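Accompanying notes for the structure given below.
First chain written, first letter: the chains are A, B and C, and each begins at residue 1.
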Amino acid sequence: MTVSLSAIAQQLGAELKGSDAQVSAMATLAEACGGDLSLCLDRRHLSALRQTRAAAVLIPAARASWAEEAPGSVLLVKEPRLAMAQTLAILYPPALIKPGVCPGALVDASAEVHAQARIEPGACVGPGTIVGAGTLVESGVVLGPEVVVGAACRLGANCVVRKGCRLGDRVHLASGVVIGARGFGVAVGPDGPLSIPQVGTVVIEDDVEIGANSTVDRATLGVTRIGRGSKIDNLVQVGHNVQIGKHVLIAAQVGLAGSVEIGDAVVMGGQAGVADHVKVGARAQIGGKAGVTSAVAAGERVAGFPAIPVRQWLRQQWRLRKPAKHKTASNQGEKK
Amino acid sequence: MTVSLSAIAQQLGAELKGSDAQVSAMATLAEACGGDLSLCLDRRHLSALRQTRAAAVLIPAARASWAEEAPGSVLLVKEPRLAMAQTLAILYPPALIKPGVCPGALVDASAEVHAQARIEPGACVGPGTIVGAGTLVESGVVLGPEVVVGAACRLGANCVVRKGCRLGDRVHLASGVVIGARGFGVAVGPDGPLSIPQVGTVVIEDDVEIGANSTVDRATLGVTRIGRGSKIDNLVQVGHNVQIGKHVLIAAQVGLAGSVEIGDAVVMGGQAGVADHVKVGARAQIGGKAGVTSAVAAGERVAGFPAIPVRQWLRQQWRLRKPAKHKTASNQGEKK
Amino acid sequence: MTVSLSAIAQQLGAELKGSDAQVSAMATLAEACGGDLSLCLDRRHLSALRQTRAAAVLIPAARASWAEEAPGSVLLVKEPRLAMAQTLAILYPPALIKPGVCPGALVDASAEVHAQARIEPGACVGPGTIVGAGTLVESGVVLGPEVVVGAACRLGANCVVRKGCRLGDRVHLASGVVIGARGFGVAVGPDGPLSIPQVGTVVIEDDVEIGANSTVDRATLGVTRIGRGSKIDNLVQVGHNVQIGKHVLIAAQVGLAGSVEIGDAVVMGGQAGVADHVKVGARAQIGGKAGVTSAVAAGERVAGFPAIPVRQWLRQQWRLRKPAKHKTASNQGEKK
């Protein structure tokens, strides 16, 4: 895809400084060549900016003075990360899928695959399952029986959606994702632990994206739900009956135990965990590696394990490192 | 499946209060309709109990007074979670599998698949591998060469059992599980790290269940073993030569390093880890996110990192949050 | 494979004490039988050494006196773990692969599979993809379009390598590994979070090994790289644009956020994490469960969260457990 800088500027609402030119790719400042667009979002990259061979560079409007350092043209943008996302979407439009059921795909006779969907070789579509228009089902994907997949979804190679689970439109499951495995519910019986049958299902709403090898368990009763527009990274565990709101961001290796409730627009750092039945209010921010064991209020920022307000946690860390502050004159005396 | 309340009461050893009725499904108090059975295990759900449309509700015998709040019939049960498991098993009996090797399954000519087993489309069964009666091998499963799978197992879509590993009867592997990958053993050679060949195997005993995308490595020499009836959640790592006892419960994202020994009936919370060669005694309880770096005695409860007895850990946390307790009069004076 | 002790001694540069004999397998001291070789690396195993039925035992040269306890022959070795790796490689040489595209493999007409490679039943090789000599592609593996796989690689069942990613020679991907999934980059748009297209790729250099169900994301721009000879355990997350040096060792469940840089020969313990854009210098050692939030100097050893030098962390832990040291006489008096 080749596009003029002026066309990009118009779509982004950006200001073009310097001559117009055609660009066809995006690259880092160091790697960019003639027809490339690059970006400089951080002061640490100013020396790379001066030496770049990029035809043009995206620069935050709030750092307009950096434009003087750029050898080529400049696009001043208000929201740099958003501009980057939009520019990449312009230069690298998602490949059009070639519709059809490929030879080597294993589609049950009772499945309903839309004529505009694509099922790649080696993918399996179970009985009664529905696949919407424009959806790509890559090789090795297994859709169990009675699954519903909406339109314009992307199901990465070797992901699995189990019986009766439902995906909205534009859902992206990366490779190796497992939707609808049995939840981990155990009762103690006379002969040891006994798994509680998990007869619920999973609903993934529109525009949700889930990263590679993440797992979302089906509910014991009812539904495990991931709300519209939420983005989940790799190797994340979502337990049975979890309710995730809209526009939630969850980084890699987070674990949500059974029946956790995550409000809208919550942000969770990598390797954090939330104990079962705990509620996290809307817009709360959970630090990386935090262990949340009790309710978090809307908008609150917590860190540590057990998770506490970030400021309090930082004070704890500071005290741990400055033990002298706790010592009395007599204690210090002992050391001498 | 439609069953009468009196029949369920008889099987559970429960007391039926109110009129008998036919029920065919289980649902939450809020979602239950006419023919549904529900349950109320927690005081917080009493208002939902009053408004439920369920035909009947399971209530703990120890909370018999709640029965008065229920609009319909009540089953008083001694062990509520166990009763829930049993009731779900009655109302949702596991689907009978339709035996046979489906078209599209790739079964080596030298494999021995029992006539009462089912191999779904796209599953691969390697040379010399044995699959027992009543076992379901879902699509995308790969059984390496010389694998032994017992009777009545459920192998979820896209799980893998590698060369020579052995599963007992009624083993349940969720989707994406990998049994028998190479253990992580490294020696330092003259040209950098060198992987130690892993020539052992894995044995999974009867009634073990392993959650989605968990991994169990083969032993360097000998056997990595998971004991009878143990239940393991999603994304758990079991290293080479680990020995897990019977009836152990391991929550999601736990990691067991090489040669760890876990005694019978141990319970491990999510995201906990155990360092290599460490022994955890029978019935010990390891808190969520704990990092176990030295032996844990039988029956002990530990938490934190490095893991220490729970009481001691709770005291530490309390002290960290109440720093004033450590301050001397003179320190406090400074603050004024 | 049957080999004489004297031949093994010669290849290892070991000293043979006792009579020569043929051995054909390696086993633990307790399990070894007549034709087996065993090893004793730890004082705790001396009683097992005395009772072993192994034909011969590897013993560290630095513990030569243990040889007197061995019932059979002894090989004194300088580097016991390296000797173990070498001995296993002699006794268990990797199986020769039988070249060819097996029936049931799904290879695109435009793919270039070397005549000496093997593609097993159910594996999928995408358009334009290249597979080198001596490489084994197991069942259920999915290679996307335009992938390059070098010579003598082993791609475990159900692993995935996505579009355009490149593997060197002798790369080992365990089952369930996902290379080249979309990185987790999100911009905040007017209608909620928006994924930033990830148009970069992944390069895995020669002799890298990656454990089961680990994930390596493609770069936003440019390349996510894993350096020559690095060994990565199971369930590890490598984020977009991460740069891992040569001979790095990463234990299970580690998470590396976007743009992290790991120097040569770094060692990371299990469940550790590194925050985005942080640099870890060559030969640094990161403790298990550590959370690295700022740069680590070359050769430094850190632990804890936030990670600090190991000695400092140990002192913190010691102080936390010995609170009396911080108490004043008056505080102690209160308790009486």
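The criterion applied here is as follows: contacts are C-beta pairs under 8 Å (C-beta built on N, C-alpha and C of every residue); 3 or more make two chains touch, one makes a residue touch a chain.
Nothing here was measured: the structure is a model prediction, and the numbers come from that model.
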### Self-contact between copies chain B and chain C, residue sets same or different by half
different
### Message
To test your reading of the model: what rotation angle superimposes chain A on chain B by C-alpha positions, in degrees to the nearest 5?
### Response
120
### Message
Counting only Cα atoms for the centres, state how far chain B is from chain C in Å.
### Response
26
### Message
If I count partner chains per residue in chain B, which residues reach a count of at least 2?
### Response
122, 140, 158, 176, 213, 235, 253, 271, 320, 326, 328
### Task
Sort out for me which residues of chain A touch chain C in the complex.
26-28, 31, 79, 81-82, 84-85, 88-89, 91-92, 104, 120-122, 138-140, 156-158, 172, 174-176, 207, 209, 211-213, 229-231, 233-235, 246-247, 249, 251-253, 265, 270-271, 288-289, 317, 320-321, 323, 326-328, 330-331
### Query
Which of the residues in chain B end up touching chain C in this complex?
106, 122, 124, 126, 140, 142, 144, 158, 160, 162, 176, 178, 181-182, 184-189, 191-197, 199, 213, 215, 217, 220-222, 235, 237, 239, 253, 255, 257, 271, 273, 275, 291, 293, 305-306, 308, 312, 316, 319-320, 325-326, 328-329
